[in-house]
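Look at the two complexes coming up: chain A is in both, with chain B in one and chain C in the other.
Showing the complex of A and B:
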């Protein structure tokens, strides 16, 4: 009886500890983001207040200023948003097409030096953006595609292709060879067999690769900050810098733009989140 | 005329090779060349002057460079290890949760969607010594202090590491959690019957099974360790007095502020080498772990 009691107590303590630790972890994960969202709705006076004001008031001033355009100290948010969207979506689509054909080649064909090619491609992904941005800036300036959507899209496609190849390669390997062989016997060409049989099966892998490519381009800063100059091509991460002046930062406005930046990424990720985890693990472990 | 057809696999790979060659390889070759010249953006004619390994000798004998290099390696070591430990801990905790697991997992993915530069700004705001959340909370709790989080060298390094860990731990946690889900139950139960302590069964059954998942996470992370550049650049810009200077911030300062491209590109090559070493190391580990589990394809 006594031993039973102490056993039960120990269990209860462990359970409480487990719950507390989990709760604290979730708090640490959530609070920074929520703090940004909260502050985008607070007036600047309150953000700057000393001693701090803990009961937040609500205002849409920062959003209003942001959307008002460049006139009233606002930032041309719409242009940045549009640039980000054009660049990210286009580069993701192209990277997926190129990466898929590359991944298919790695998964379905045997050739000499396959591993060498594969690791070689990966290494290009490992080149730090900052290190690449120096020469890329000079080369793009010479070619004349600096400060254009095209230049940025090109850079992001190259950045995303290796990882896309890695993920899609893993997925295509999962699909038994017999599938497309059967389709070919039934009279499909290899091209048709791919689009009608193999692609639908690998769809979730492709979806997760697309999300990663999109998030990378949507969030990238090191390259974008050098390859874009004007309102016509700046993306949102670069636009965040517009809120900083020499010594002061417009925190409220920045938080508002930050929220605008996170929301699309959030929505997109939630839609495909099931595929996301599967994509990462299958592509990696079993590939 | 006999036309040799290219093999199919090569045709399929060709677009990838072309894009990468055009956007990564050519600029890298150019920067390799310019790292042997005293190239300055302001004086284009300097591009044609060959100085041999002068730039490399210069950075290798530069104490500031070595300080930044050492700090970068130290930073990566600490950050990656802590991320792995926290990720493992979070995954094990989540695995025990009986309800609401999906919601928790969704929350866990939250930091992955944040842009590194946004993470930088976010923590610059939170660690602000005047209006930041951390100091405000401390003061409201009655401590009459305003800790200079981003001004003091040690605290600044801590803040940067905190931001980096906040951003990247979830990659580890999610992948390790996926590994835990995929784990067969029988060996664990057998171990329990045989009288293993929880620690023993974790050490000898769970951990070896998780190893490939850990290496995938490490490999994915090692591909973009340089993301830390965005965070540091925003939070401290390498300051105060270069105390948080990493290789990447030193490079961008040399290149863009001082416009000494040749020198900066030489540094760039050192950083590229560092990244490549990390990646190759983890790729090796990954294929070894796969082979051990019989998953090699």
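Showing the complex of A and C:
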């Protein structure tokens, strides 16, 4: 009985430790985000207060100011939001189309230098984006696409394609080739077999690749801060800089804009989340 | 009419040749089983007929039409895969109707054909489930249903029962045979299991290393194997083979036991090295044999091991220094080491040339 008891105790202790560790980890991840949200709703005095004020006195001043005219501390939120949306959505769509084709090719076809290509793509991922910002700036300036949506989209597509290829390749690899063979025997062309069978089965993989590509573009700051200058092309992360002046930083306003930035990303992630659940593939094959 | 003809069909993967110029005529409505050990080229051959593999040389014709360069969809075939390859994102109903939907047939016709196939295979209860919610046997049935919905000219089966457990396999084997009786289409079936081949086939094509070794009805392959490979591959337990040398009218096995030459044996020269083959069914203890008449050789052997199977018991014994298997009908318990008086039915014995392995038959 003693051994049973001690075993049970040990399990209880382990479980408690487990939850504590999880709680701490989640706190480290969540508190900065929470702090941003809280700061956006509290007066500047409270933001700077030491020790920190946990329960804020609620105010919408920062939001009001942000949406106000240019002279009253406002920033062109709608323009930034529109720019971000255009750049992120377009670059994600292009990256997914290219990445999916590439991933499918790597997963299904044999061709010369396949492994070399693949390693090359992955190496490209290893180059930090910032390191490219100066060369990109010079090239884009020479070509005349600096400070345009097109330029930024191009840069983001190049950034996202290797990753989407890598991700979709993995998903297509999991789909047994018999599925498209069965579809071809059932009367499909290779093209039909892809869209009717393989794509729907790999949908969750494509969706996760898309969400990653979108978030990368949506949140990217280093490149965008170099490649965009004007209200017509600046994205939201770059827009955050509008709240910095020579000697002061408007933390409240910055947090308010950051919240506006986080919300669409959160919503999108929740929408796509149910597609992210894999396991759809399994069941059609094997017994 | 949908006969399938293979003439000098070759498959090469780079320098490696997987199929070496196969010739085969399959008649309309025939159930042909390609069987052989893994890597013998049977699946490759089937996939070439299906159009899933390029044909490196020779010709494949379905219904008199050369299909070498036609994509699978234009060959009017259907195929059942080893892993079923059901579309996981579609319900059973959608899986069954997929080929007709792709062919843009009217909705009514699709519903009718799908219901008919579901009726034949007993899938009515499962129509709205996804493949993931089906058991192995049910998935297998859906895969078969998907194949019959289109009324193809030829059915191709690629080891369809390998993923099922033993009991279900036997059950599905019967269903496949019933299905063939019902649809009367040409069926080409690939398996590595000789029992499946024996039980299902009108004709067996036994392959090894990309060559056809023997083509014939199950009984032909069982009773008249062309060489030692066929003799040991077909039939369970495999045929006993004992080395021997021809001496006059008898064969001396391993220099010790002398056995009269079987009547069926063909031309043999004195001193020729041979392999003497007989099945467990032809070596039975007297009093427990199926037949007690005809030419026979009687011999005393001691039993080393027994495997009771109910109606019969497999006896492991030792003949001229080689372990051989014998059978005992109406079995009684036999203790290891017990000596029994056996009867070897001579007219069912086989003689193979030791060097080439080819059967020597009159």
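Operating definition for what follows: the second predicted complex is superposed on the first by the 238 of 287 C-alpha atoms of A that agree within 3 Å, B and C clash if a C-alpha of one lies under 4 Å from a C-alpha of the other, contacts with A are read in each partner's own complex, and residues count from 1 in each chain.
Here is the rule we use: a contact is a pair of C-beta atoms (placed from the backbone, for glycine too) under 8 Å apart; a residue touches a chain by one contact, two chains touch by 3 or more.
None of these values were measured; they are calculated from a predicted model.
By the touch criterion defined above, A:75 reaches neither chain B nor chain C. In the superposition on chain A, no contact is made by A:96 with either chain B or chain C.
Of the two partner chains, neither chain B nor chain C is touched by A:209.
Of the two partner chains placed by the overlay, neither chain B nor chain C lies in contact with A:66.
Once the two complexes are overlaid on the shared chain, A:131 sits against chain B while remaining clear of chain C. Of the two partner chains placed around the shared chain by superposition, chain C is the only one that A:182 touches, whereas chain B remains out of contact.
Applying the stated contact rule after C-alpha superposition, one finds that A:197 touches chain C and leaves chain B untouched. When both complexes are overlaid on chain A, the residue A:153 reaches neither chain B nor chain C. Set side by side, chain B and chain C differ in how many residues of chain A they touch, and the one touching more is B. Note: residues 280-281, 284-287 of chain A belong to the chain B contact set and to the chain C contact set alike, using the contact criterion stated above. The part of chain C that touches chain A in the complex is made up of residues 50-52, 71-73, 77-79, 81-89, 98-99, 102-103, 130-136, 139-140, 146, 150, 163-164. Residue ranges of chain A in contact with chain B, taken from their complex: 18, 21-22, 25-26, 28-33, 35-36, 39, 47-52, 54, 97-99, 101-102, 104-106, 108-109, 111, 117, 119, 121-136, 138-139, 154-155, 157-159, 161-163, 165, 173, 215, 218-222, 226, 237, 240, 249, 251, 254-255, 258, 261-262, 265-266, 269-270, 273, 276-277, 280-281, 284-287. Listing the residues of chain A that touch chain C in their complex gives 176, 178-179, 181-189, 192, 196-197, 200-201, 203, 280-287.
The residues of chain B lying in touch with chain A in their complex are 7-10, 12-13, 15-16, 19-20, 22-28, 30-31, 34, 41, 89-90, 93-94, 96-97, 104-118, 121-126, 130-131, 133, 136, 139-140, 166, 170, 174-175, 178-179, 182, 212-213, 216, 219-220, 222-227, 229-230, 248, 251-252, 255-256, 261, 264-265, 268-269, 271-272, 275-276, 278-280, 283, 286, 290, 295, 297.
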